[in-house]
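Down below is the structure, laid out as structure tokens.
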Amino acid sequence: MLAYLVRRLFLMLVTLFGISVVIFFLLRVVPGNIVDILFAAAGYVDPADKANLEKELGIDQPLVVQYWHWISGFLRGDFGYSYVSEKPALQEILPRIPITARLAGLALLFSASIGIPLGVISAVKQGTRLDYALRVVSLSGLSLPSFWLGLLILTASVAMFNQMPIFNPNPQTWLEAFATYAVPAAAVGFRSAALTMRITRSSMLEVLRQDYIRTARAKGASDAAVNYKHALKNAILPVITVIGIEAAFLIGGLIVTETVFNIPGVARFLVEAIRWRDYPIVQNLVMLIAVVVVSANFIVDMLYAVFDPRIRYTD
Amino acid sequence: GGPKQGGILRMYHRDSPGNASIHEGATYSLNVPFMPVFNNLVIYKQDEAQNRMDNIIPELAESWAWVNDNKTLTFKLRPGVKWHDGKPFTSADVKCTFDMLMGKSQQKFRQNPRKTWYEQVNDVSTNGDLEVSFNLKRPQPSLLALLASGYTPVYPCHVSPGDMRTHPIGTGPFKFVEFKANESIKLTRNPDYWREGRPYLDGIEFTIIPNRSTAILAFVAGKFDMAFPTEVSIPLLKDVKSQAPKAVCVVEPNNVATNIIVNSSAPPFDNIDIRRAMALSLDRKAFISIMFEGQGDVGGTMLPPPNGLWGMPKEMLESIPGYGPDVNANREEARKLMQKAGYGPDKHLAVKVSTRNIPVYRDPAVILIDQLKSIYIDGELDVVETANWFPKIARKDYMLGLNLTGNAVDDPDQSFYENYSCGSERNYTNYCNKEIEKLFDVQSQETDVNKRKKMVWDIDKKLQEDVARPIIFHARTGSCWQPYVKGVTVMSNSSYNGYRYEDVWMDK
Amino acid sequence: MAAIDYDLELRRAGAHATGGWRRVLYLAQRHVLGAAGLIIMTLFVLTAIFADFIARYDPLTIDAARALARPSLAHWMGTDSFGRDVFSRIIHGARISLAVGIGSTALGGTIGVIVGLTSGYLSGWVDLVFQRVSDILQALPLLVLALIMTAALGPSLPNVIIAIAIPLIPTVSRVIRANTLALRELPFIEAAKSIGMSEVRIALRHVLPNTLAPLIVLATAQLGSTILTEASLSFLGLGIPEPYPSWGRMLSESAAEYVRTAPWLVIFPGIAISLAVFGANLFGDALRDILDPRQRG
Amino acid sequence: MTEALLEVTDLKKHYPVRAGVLRRQVGTVHAVDGVSFSVHTGETLGLVGESGCGKSTVARSVLRLVEPTSGQIRLDGEDITRLSKTALRPHRRSMQIVFQDPFASLNPRMAAGDIVGEPLTVHGLASGKELEARTAKLFEQVGLRPDQMRNFPHQFSGGQRQRICIARALALGPRLIVCDEPVSALDVSIQAQVINLLIDLQKAHGFSYLFIAHDLAVVAHISHRVAVMYLGRIVEIAGKDELFRNPRHPYTQALLASVPVANPFAKKLAPLVDGDVPSPVNPPSGCAFHTRCRFAIERCKTERPALVDAGGGHQVACLLNEGTGRSQ
Amino acid sequence: MADKSDLVLDVKNLKTVFFTNSGLFKAVDDVSFTVKRGETLAIVGESGCGKSVTALSLMRLVPDPPGRIVGGSVTLEGTELLALDESEMRAVRGNRISMIFQEPMTSLNPVMRIGDQIVEAVRLHRAMPAREARDIAVEMLRLVRIPEPARRAREYPHQLSGGMRQRAMIAMALACRPALLIADEPTTALDVTIQAQILALILDLQKELGTGLVLITHDLGVVAQTAQRVIVMYAGKKVEEATVEALFADPKHPYTRGLMASIPAVPASGVPVQARLNEIPGTVPSLVRLPKGCAFAPRCKLAIKRCEAEYPPLEDWGGGHLAACWRAAEVAEVA
């Protein structure tokens, strides 16, 4: 176990290092920095003030030096200060993480708990009306731009209940907490549920034609046992892969959802930070996201082994 | 009944201001949430819509007087006022504030966008704890107007500019509680406020919702007592009215002029004929009809009457090329000018129209491009991210730009010097006309309002004729609040000065 | 035993439709949804090609006088606040949206295939490097990349296409790589080696054609999602800029202000987007079913 | 017989086994563990043995489709074991392989004609009309109709596919063809067709075959000499008649005895050996067969028998056979 | 024929077709046979002639679509299987009738432990606690002579060798002591020494449990050594049926004769080796476009006009030796 983990960890570090370099230099390739933006907000540019400010923030130093400052700080857990709010970057980032994590988790849960069973049904009933109906419904989820779906939900709930499931930072009741997180999560999850369903269906169709499924039937196993006990467990690997990839892409989907539902999570925060060229926030946040994505990949790999005893990471 | 005490006013905020320091910003995103924290020396009366010299009232100053041939403005300060942290307010604070604004103190603002306002101030002197004088180089009656703006709060001496950006301390009716970027701003009632019985509200909470549809929906659903002031566009206003018919909405000019910045230092717009042709091609009514369903104002640099104090009368305005009512005739003339410059139906002029990537900028730019088609100009939209906008303009890396200019106070000094004087940092086009600049000074010193008006009109007309920065229209926007919110006044010739909110109360 | 209608059963199995058009018709019947998808996609492509002939107005001409007209005979889908004809804009928007969809899928797909093929076929350090690169691309959120791209280069059609294409690369290359690794072990590849074929030729002649099926499925799915991504980018102000009438921007801009007062501004672009994505996905699903060898009767 | 066309000396191929969730190498598959043999011009050497004993690995090593761990492969006297890929390419013309699974070894997306003609294209031997003519000739040679050139592999029957593979192998005019279980997937009547074809071709062109099968009867029909493998090693090798008449290794004997005779009146089937084939990862110590051998003695557990000549070119690796030669 | 009460399986005029895009595929066309308690019936025939489909039809596991049983009857111990509804059929499958599939590797669920797969088979038909079922599973593994059955029961299929997997399949099929066992090419992938072991095992268990056995194989050697009766199929039809002795001694159908002749023999001492094998020229016709008459006629040396026009009926040539050939009487002499 240990040797494998060490190797994996090393590759993860390589990837993270690559990401740190890419994001660092990408940000600096992009024209305009925080100082330009501050002056844009003020409506004028004063070269002397600008130079002062750049010096104050240290963005006048050679790139390599800046990179070293950042990455050595990052490794020590010193994330620097936000250029905009002038508060410690960590203090800005940390409180937003649980919000996005909850959303993403719920969305994935939604996606899996809807997508997988529907995918199974659609595969088992391939070519029937039910299959068609399920696919049309789920694909319609895939076809709606997520901001549009979100706005529809909001508009409908205002029109019908004169209620607005807008983010409530301190939900008092279970119901409030549910409304705060579940509705936006469903808006995101609907889309990825559709994807999960497509993959599940496709993967199940492969598996359902395998000989061991026939064996299970020959034993006299019921349809449910055949479909869920025998087939699904074999068909789940590609689904896990896709859910893993979705978990990474979810950050992208959440930017829009967090905007529409006005949720103060990390995704929208990241967008704002990029707009403001708030390097300490963007860099550190991207790194944190990367850590999550890389870990998600790792978890997916581990899940492979859980679901498929043949996989023992021999190569 | 009479005003009631209590309640927290919930308002959504259109975006996250970069920081909390009014002096370091130039957007009313800052003024709205932070004006309630401060006091000025003087301020425009908060319950009158129009800002005028004669409705300026004392605030931290109890009284003021012009002395020394109108070259010194002396304020008697209010005694017993305390900063939110308990320290006493004194004349030293006033001096500190204005020294810093003039760039004279040790401590410096990171940025100081309104430095030019105090060009005529030699120094600020104190006389005891309760008297302070502004000593001017020459008379400038409108200094008082500038001091009455929401942009001119008095800062405490003992708090560094950096702290003011993150945790502002004022003397105002509300105390700062917290500012979570992109999330919320919270203010609470200042129990020790010097004005007895004010404020009525227990606090104000701003929830930052950049997405307009979400924000309006939330307002309609009753999540907020008030929409962000002057942020409800005309189409949305209809929406609000249909969904929440009880909501109170007003539409007022916000003294933001949408204008074209012309790069006259490089071809093709170094050619005055082409500049004129462009000015002639504008169909201002069409802009207003599309952007505001007709509810906007045509004018020059100064906001047109009746809301604006200094705008040219209609007849005078229409005598300026391009402002005439017959658009087709104007365009005919414009085409002639273009042909003179060597362009015509077979030889179009290709032009990039740069603007910021925000609808209020982009939409008029699109209309502009469409209108320029009529005079052989093929415009191409070049949208620029905020971060790159000013550097680009400063580099003179543009041909035409579509820009918005907000005027904090409806006073010629503010807009002329800021936007048209030769060295001003906000004079993006580098328009420089020494003669006109002299006229700026003359009108600035004039104390007779009517005489000054005439001068201002002439200057305004000249500015338009020079096509330095053609003004397309003056916008109007809506503000909405729930019927139970009382005591809100939306200023009709400025969107920067009316947010002290000490008189606001809720009838719940 | 119930009587069995042999003819009906056979027709259902497609026995009467062995070649040419009859086969196509049969497949269309068997895969109704897929056929619908194909028809939608074809219609959109035709629309894009012949936009100039179909559109009844110039999509860019502004006319304050007819702003916000309801759908009518003159303006089938009404006009927007600028008085531009929505129908014409949607017709022309097909060009933009399909350019984004097809362009970024093709770009991301091609690079992904090359990377995946090289990576899977050559393995060794090339594989290691390519894999890390795609890890990195995968870990950078799509919209972050798009934000940075458009911030750096300005939001233009090619830039949006590139920005959307980049995140496709790791996805496609992963699939292709996995396939290539599996194919590499197959006897027919060894057979190719045994006759002395060069590696490049093997990769192109033998490996690539056999990864085509999953690729087509992936591509049709991505085609839809790129159109959606463009819409999301537009929503964040990073999409295709004016004056190009992209569906995403048409929808996202009017969604904010006109949902109630001028719903046609929201409904029609919304329908266009959903239909296109829907079509691409339905078609992809059907292709998957048709290309599945065990599916063939 | 003339001098050896193919000479394999002490060939070894080990695959690492990495097990557990960790990637550590926990063992080695001794797929081929020291195999030596030679094939002469115009001769067929049969290679039989249990599934998984390393037959295919030998075959692929000979063609350098897998890199041998150690040992030497000489083709026509030239050592090709360490030649680079490019240097090897010309030699590919003199040796070809027919794979175990005909369907899998044909690219499903290529027409049969293209598959058979491809070697000619690759080596620049023919193109255009000539290519077509030569391909057609190859088709006829293996008993396919030239009009079938346009068909795809799935449109052929198992036997026909096998012929396509053979035609491809013949295209370059090789001197050695390695046939890896070319008939195991076929039923007897088709199997007979393929065997007959191979015999005919050998008679006509003087090919050499390394013929791998697990069906002893088939091997008997085509081979001149036969080698028997067990767990990565050759345990017995002899002329065909000698081997079948006089099998010396207990495994060979068990194999021969276990072949069910297609005669219901003959004695009924009785398994001669018990137990499963051991894993090549942890081959038993000493003689690998001792775990299943009825005659095993104590020495077999510790001592690994070498392949020794028991007279007349009949080599066998069994301790019981040393010196005297018989186990029964 | 045999005593009715002794019959385990009685198949009459079974017809299974595939509706494919290239047409109607008569995979099993009017096939009848019976299996007695403790008896072994072998089915032989060319690849693709419908052997496996016949077996699947008995289990009612023909993939639908495209396959469908369109006629005939299958009676298992007096119960008409084709008339049962799906849940009743489930109760029969794995319980009264079991099947060992061709490919042991792909027929075992790769992600389930061997033991659990057997336990499942047991508990589907016998109400018993899991522990007891596990004991039965281990017992079954011991019965098929898997060493260390308790440990192996906890392993996954890929951890077992091919021979062991095949045994696990057998253990699973026999776990409920079915009345009928169908073994579809149970030894194809195995080496002859292992094949011998497996066959011996099946026969032992069959004897012990009195199970009827249907053995499908293309290896005539296996047939000769294991079966009591044989049916020969060609292109979906039964062309010959006989006791194993009668069939090998005196094949009545030219196809059977051709098959027999193609068998390569292992040269026992003294038997000269023939270099060339006999082959049946030509290939099996497509089951879609079957000729009107005898399907074998195009490849048959004995074919006469009548063969192409009329399908020969199955005729009894004595002692239950059935053959469908117009020239069955002359086969021996002419060939």
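Residue numbering begins at 1 within each chain, and the chains themselves are lettered A, B, C, D and E in the order written.
Note that in this section contacts are C-beta pairs under 8 Å (C-beta built on N, C-alpha and C of every residue); 3 or more make two chains touch, one makes a residue touch a chain.
The UniProt protein names, listed by chain, are A, C = ABC transporter permease; D = Dipeptide ABC transporter ATP-binding protein; E = ABC transporter ATP-binding protein.
Just so we're clear, the structure is a prediction, and the values are computed from it rather than from any experiment.
Asks: Enumerate, in label order, the chains that touch chain C (ABC transporter permease) and chain E alike.
Replies: Shared contacts of chain C (ABC transporter permease) and chain E: A, D.
Asks: If we define chain centres by averaging CA atoms, which chain lands farthest from chain D? Would you check?
Replies: It is B whose centre lies farthest from that of chain D.
Asks: Report which of C-D and A-B is connected by more C-beta pairs in contact.
Replies: A-B
Asks: What's the distance between the Cα centroids of chain D and chain E, rounded to whole Å?
Replies: The answer is 30 Å.
Asks: Can you give the whole-Å distance between the Cα centres of chain B and chain C (ABC transporter permease)?
Replies: Centre separation, chain B to chain C (ABC transporter permease): 46 Å.
Asks: Rounded to the nearest whole Å, what is the centre-to-centre distance of chain A (ABC transporter permease) and chain E, using the mean of the C-alpha atoms as each centre?
Replies: Centre separation, chain A (ABC transporter permease) to chain E: 54 Å.
Asks: Between chain A (ABC transporter permease) and chain C (ABC transporter permease), what is the gap in Å from one C-alpha centre to the other?
Replies: Comparing mean C-alpha positions, chain C (ABC transporter permease) is 22 Å from chain A (ABC transporter permease).
Asks: Give the residues of chain C (ABC transporter permease) touching no fewer than two other chains, as numbers and ranges.
Replies: As it turns out, chain C (ABC transporter permease) has residues touching two or more other chains at 151, 255, 259.
Asks: Which chain B residues reach two or more other chains?
Replies: 211, 213, 243, 385, 387
Asks: For chain E, what residues touch not just one other chain but two or more?
Replies: Expected reply: no residues.
Asks: Under the definition above, what is the set of chain E residues touching chain A (ABC transporter permease) in their complex?
Replies: Spelled out, the residues of chain E in touch with chain A (ABC transporter permease) are 59, 61, 63, 87, 90-95, 98-99, 101-103, 106-112, 120-121, 124-125, 156, 158, 169, 172.
Asks: Looking at the complex, which residues from chain A (ABC transporter permease) come into contact with chain E?
Replies: The contact residues of chain A (ABC transporter permease) facing chain E are 209-212, 214-222, 225, 230, 233-234, 307-310.
Asks: Using the touch definition from the top, list the residues of chain E that touch chain D in their complex.
Replies: Chain E residues touching chain D: 46-47, 161-164, 189-197, 199-200, 218-226, 244-245, 248, 258-260, 262-270, 273-280, 283-284.
Asks: Hey, which residues of chain B end up touching chain C (ABC transporter permease) in the complex?
Replies: Against chain C (ABC transporter permease), chain B makes touches at 211-213, 233, 235-236, 238-239, 242-243, 283, 285-286, 289-290, 357-359, 362-363, 365-367, 369-371, 381-385, 387.
Asks: Note which residues of chain E are touching chain C (ABC transporter permease) in the complex, please.
Replies: Counting only chain E, the residues touching chain C (ABC transporter permease) are 18-24, 65-66, 68-71, 82.
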